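What follows is a pair of complexes built around chain A, which joins chain B in one and chain C in the other.
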Partner chain A sequence: MIIIGERINGMFKDIGQAVREMDPKPLQEWAIKQQEAGANYLDINTGPNAEDQVVALKWMVQVVQEVSDLPLCLDCTNFDAIEAGLEICKKPALINSCPADRPKIERVFPMAVKHNAKIIGLTMDAKGIPKNAENRIALAMELVAAADEFGLPMEDLFIDPLILPVNVAQEHAPEVLEAIKQTKLLANPAPKTVLGLSNVSQKAPDRPLINRTFLAMAMACGLDAVIADANDDPLMATAATAEILLNQSVYCDSYVKVFKSK
Partner chain B sequence: MALTGLEIYKLLPKKNCGECGPPTCLAFAMSLAAAKTTLDLCPYVSDEAKEALGAASAPPIKLIKIGSGDKTVELGDETVLFRHDKTFFHPTGIAFEVEDSLNDAELTQKLKEINELEFDRVGLHYEVDMVAVKQTADAAQFKAAVQKIEAGTKLSLVLITEDVASAEQALEACKGRNPLLYGATANNYSEMTELAKKYSVPLGVKAENIFALSDLVEKITALGYKELVLDSGARGTSQVLADLTEVRRAAIKKKYRPFGYPTVAFATAEDPMEEIMQAQVYLTKYASVVVLKTTAKHFVLPLLTWRQNLYTDPQKPIQVETKIYEVGNVTADSPVYLTTNFSLTYFSVEGEVEGSKVPSYIIPVDTDGTSVLTAWAAGKYSAEKIAEAINTIGIADKVNHREIILPGYVAVLSGKLEEKSGWKVIVGPREAAGIPAFAKSRYGA
Partner chain C sequence: MAFEVVKERYMSKVNEVVLGGTAETGGTRGHALKVGGQTTLPYLHFEGEVPNKPIIAMEVTDVEPNWPTPLKEMFKDVYNDPVAWAKKCVDEYKADVIYVVLNGADPDGANKTPEECTATVKSILEAVAVPLIIKGCGDGEKDNEVLGKVAEECAGENLMIGNAEQENYKSIAAACMVHKHTLIALSPLDINICKQLNILVNEMGLPLDRIIIDPMIGGLGYGIEYAYSIMERIRMGALQGDKILSMPMVCTVGYEAWRAKEAYSDGEEFQSWGEQSFRGPLWEAMTAGTLIQAGADILLMRHPQAVKLVQKNISDLMESNKY
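Coming up: the complex of A and B.
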C-alpha cells in the first residue's frame, strides 16, 4: 500500500500562510512528521492563494527536498507549474493529476515520460464525474490506452475513480469500489489505483472512522495507493492490517510497526 | 486467463464505426474484456485478433505426452513461476542418454542399469522416465540401437537425431511407442515436422538462442504442428537457467504463444556430481525434461528425492508414513511415544527423542497430516482413534511393558485412552523440547 501524505497543502491554514510568507518551517516540519508516520510520497499543493503557482510549487519542492528524501506528488491543475516542479524533483515524482480529456492527456503524458514521472489519471472528462462504475471504467480505459500510446509504463499510471463525500453523494461509494475492481482487468500488467481518501468524509462527523472503513473496503477491491492523513494512526493501522489480511505482506506480530517503517 | 481490455483494443481495427453496438472500438474492447459481447459482432476484425482471442482461452503452456501405456509421461501444463503460488503439476521427466555406438554387451548393461533405477524411500516410490537414444554414426547403426532399446525397456523413448532419413527409420523401429523426436532445427524443420506429423509424435525444437527458438517455433506452428518441446540450445548452467526462466515467464505472464510449450534441458558436466547438481538446477527452474548421462544409483536418488519434494502440493500438509519408528538401539523395554503423522510434528518429536539419548519407539497416529492440537480439535485424535492405532500397528509385539507416552497438551485423553487401549498412559511434556528432561527423570539417561 502506497501512502501519499496529504498535509502539505495550501488549503490548510498553516501551509497556506507559509506559502504566502515563503516560510519553509511548517512545510519541513510536516514533511518530517509524515515521513516518520510512514508516508511513501508527500503530496505538494500550493493551495488557491498562491500568487504565482509556478514559483510557489518550485519553492515548495525545494524546501521539502531539503529535509526529506521521499518522492513527491505534485498536486496542481497548472501543468506549467508541475513541469517546473518535475525539473527539480530528485526522485521520480507522481503527477496529480490528469483527467481523461484528450488535450490534457496530450500535455501531461509526454511530460511524464520525459521526466520519468508517474501519473494519477482521473476518471472524469470535460463532462464531469460519471455516476456509475461502467462510465468511470470507460474513462479509465481512455487513460490506459493513452499510457500505451505515449509509452508510459502501465505500473506508473494510477487510476483515481474519484470518491465523493458520503453525506451528499452516497451512491458513488459502491460504484467507486466496483471501478477499482474492474480497473485491474483493463491491462496486463494492470494500472495501479489511487483514491483521495479524505474526500469520502467531507463535512461528516467522525471523519477518521469513515476514512479508515472505506480504506479497508477499497483495499479489498484492489486499491494500491491512497492520498490521506499519514498521521492518523488508526488509519495507518487499518492499512497495515488490510495488507496482512490480503496476504500482501508476510504476517508478523509487529506488522503495524513494520508497515510504518517500510 | 481472459484478455485485458487494452490487449483486445490493440487488435481491433480502430474504425470506430459502431457496427458492433458500442460507439467506439475502445468501448467494444471493454465489453469484450467483461465478456458482455462477442468478437463476431465486429465485421472488420482480422485473423490475428481471432487467433489472440483463442490464445486467451488456451492454457499458457500446452500439455504434451511422451510414450504410451502406463509409462506415458505428461509434460507442460504449468501455471505458476513459484510453487508456493499454487503448485507445480507435472514432475520433470528424467531421461538417460545412451549413444548408439555402444556394443551389444555395453548396451544391455546400460539398459539394465537404467531399468533398475527404482527406489523406495520413506514410504514413497521413485521411478525414472525415459531413455534418450543418441545418433553418432549412420542411420543403420542408429536404427539397430533404437530397436534394441525399444525391446529392452518399458520407459518412454527420446530419439536424438537431426538427420531426417535416420529419424524415419528409427520411428519405424519403435512404432506405437510415441517417442519424442529431437529434433527440428533451422536446417531440417520442414522435413522433421512432416515426419512428426506422419507418425504423430511430439517434436523437439532446437535453436541457437531463445530469439531463434521463437522464430523456429512460429515457422513450425505455421506448418500446422503444435506438439512441441523446446530447447533454446544453451548448454552452460547459467544460460540454461536464464533461458528456461525467460521461456516460462513469457508463456505465463505474457501469454507468448511460441513459448507455450514444455522444455528440455541437457546436463553436460563431465563429473557426475556436477552433472547431478546441474540437473537439479534445471529441474528446479522449469525444465519439463532433463537429459543426463550418469546412471549411478547414488547420484540419481538425490535428484529423484528433490523432484518428489519440489512437486508436492504446498497446500497439503506433508505426512510421514504411519508405522513404528525406532530411534536408537531399541529393546523390549524402550519407551513408546505417541504423536501424529504431520511431518512437522513428527520430526520435532523425533529430534527431541534422539536428543534424549534414550532409545525409544515413536508412533505417529494417522491424523491426515494435522498437528496434535489441530487433530484433537477436529476429532481426529480421539481416545478411540489412538487406541485403534496402538492395537493395529503391532507395538505390543515389540515391547514387554504396556506403557505409552501421550503429548502433554492432550492430557485430557489419558483416562479414556487407558480404558479403550488397555495400556497405561503416561502424560508427557506439552512441548517436544521437554522430552529430554522428561526421559532423563523417568528413564535415568
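Coming up: the complex of A and C.
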C-alpha cells in the first residue's frame, strides 16, 4: 500500500500561512513528521490563496526536498506550476492530477513521460463526476488508452475513481468500490488505483473511523495507493493489517511496525 | 511476430553479506567471501544480477562425529583431528568455508569448556585461510557461554555464528554485534517466525546485512518441498522490497540428507535402491541442488563426492544465460 501523506496542503491553516509568508518551517516539520509515520510520498498543494502557483509550488518542492528524500505528489490544477515542480524534483514525482479531458490529457501525459513522472488520472471530465461505476470505468479506459498512446508505463498510471462524502453522496461509495475492482481489469499489467481518502468523511462525525473502514474495504477491491493522513495511527494500522490479510506482505508479529518503516 | 524475452524488474535485492575478516578488518583470513546481492530469482542472469555464487561449507566436528558409518569412513584418517580434517576439506576438496560444529560442548557428551572449544576454533583458524562458520552443540544455555567466548576471542575474524532462535537469541546476537560477527537466525520452517526473529535481532542493533536466514530445511524425501516453497517466498519478499526477508539463506544440507536411511543404508533389504556408495552422495547432492534452485546461498555439506557434484552444478549455473 502506497501512502501519500496529505498534510502539506495550503488548505490547512498552518501551511496556507507558511506559503504566504514563505516560511519553510511548518512544511519541513510536516515532511519529517509524515515520513516518520510511514508515508511513501508527500502530497504538495499550494492551496487556493497562493499568489503565484508556479512560484509557490516550486518553492514548496524546494524546501520539502531539503529535509526529506521521499518522492513528491504535485497536487495542483495549474499544469505550468506542476511542470515547474517536476523540473526540480529529485525523484520521479506523481502528478496530481489529470481528468479524462482530451486537452488536459494532451498537456499532462507527454509532460509526465518527459520527466519520468507518474500520473493520477481522475475518472471525471468537463461534465463532472459520474454517478455510477460503469461511467467511471468508461473514463478510466480513456486514461488507460492515453497511457498507451503517449508511452506512459501502465504501472505509472494511478486511476482515482473519486470518492465523495458519505453523508451527502452515500450512493457513490459502493460505486467507487466497484470501479476500483473493474479498473484492475482494464489492462495487463493493470493500472494502479488511488483514492483521496479523507473526502469520504467530509463534515461527518468521527472521520477517522469512516476513513479507515473505507480504506480496508477499498484495499479488498484492489486499491494500491491512498492520499491520506499518515499521522493517523489507527489508519496506518488498518492499512498494515489489510495488507497482511490480503497476503501482500509476509506476516510477522511486528507487522504494523514493519509497515511504517517500509 | 518477433520473440520478446519477458524480463521481470524487481524493486529490491538480496543483502550482500561478507564472511571472514582479513588483515584489513582485523582478522587473519586469507580472503573474505561475499554471498547474496542477487537482483533476480536464482540464476536468471538475463533479467538481473547474480554477483556471488553460492558457497559450500564442509562440516568438521570437534569430537568424533556420530555420522552413519559409510559417511564417517570418508574421513577415517582425520575425524579425530579437527585441524587435519579442516585442512583436508580445504586442500583436497576445495571447500569454500569450514563449518565447525562444536558437539564436544554438549553437557551430556564430552562437556568441553568454552575455553577448550575456543582453542579448537583458534587452531582451525591457524590451519586454514578460509572463513569459518561456527555452530554450538544445540544446548541453549551452554551454547550461549561457548559461542560468547568464541565470538570474543575471535573478534575480527567475522565468523558466521549460529544459531539464534526465537526463544534464545539475545546473548548470541549481542556477542555478534559487539565482536562484529555474522549471525545465523534459525526459524522452524516458518516464514512468520523467520521475519519476526530478524526484527528482534535487528532491534538489538545488529545490522540487517550481518544476518543470515536458516529456514531449517528438510532433506530430500523428508519435507524438502516445505523448505523449498518457504525459501522461494523469502526470496520473492526480498526482491519485492521486504527488507526483513532480504538476508541470504543457509541450508543444513549434510545434516538433513544423511539422516535419511536412503542415504546411508546398505545390504540385502535395500538392494532395489542400488549401491549405497552412489546413492548416498547423490542424496546429499540432490538435496543441495534442489535448494540452490530455491535460492540457497550457503550450503553446509559433508560428503566429498556430493560437494564435487554440487561445485560442478554451481559453476554451470553461474554461466550467464543473458539474451
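Going forward, the second predicted complex is superposed on the first by the 262 of 262 C-alpha atoms of A that agree within 3 Å, B and C clash if a C-alpha of one lies under 4 Å from a C-alpha of the other, contacts with A are read in each partner's own complex, and residues count from 1 in each chain.
Everything below uses one rule, namely that contacts are C-beta pairs under 8 Å (C-beta built on N, C-alpha and C of every residue); 3 or more make two chains touch, one makes a residue touch a chain.
Keep in mind that what you see is a predicted model, and the values were worked out from it rather than measured.
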{"item": "Which superposed partner A:145 touches (first chain B, second chain C, both, neither)", "value": "first"}
{"item": "First, second, both or neither for A:137, with chain B first and chain C second", "value": "first"}
{"item": "Which superposed partner A:114 touches (first chain B, second chain C, both, neither)", "value": "neither"}
{"item": "First, second, both or neither for A:186, with chain B first and chain C second", "value": "first"}
{"item": "First, second, both or neither for A:13, with chain B first and chain C second", "value": "neither"}
{"item": "Between chain B and chain C, more extensive residue contact with chain A", "value": "B"}
{"item": "First, second, both or neither for A:90, with chain B first and chain C second", "value": "neither"}
{"item": "Residues on chain A engaged by chain B in the complex (per definition of touch)", "value": "137-138, 141-142, 144-145, 148, 154, 182, 185-188, 190"}
{"item": "Footprint of chain C on chain A - complex, ascending", "value": "249-254, 257-258, 262"}
{"item": "Interface residues, chain B side, partner chain A - complex", "value": "2, 4-7, 9-10, 26-27, 29-30, 33-34, 253"}
{"item": "Residue ranges of chain C touching chain A (in the complex, touch as defined)", "value": "191-193, 195-196, 199, 233, 237, 241-245"}
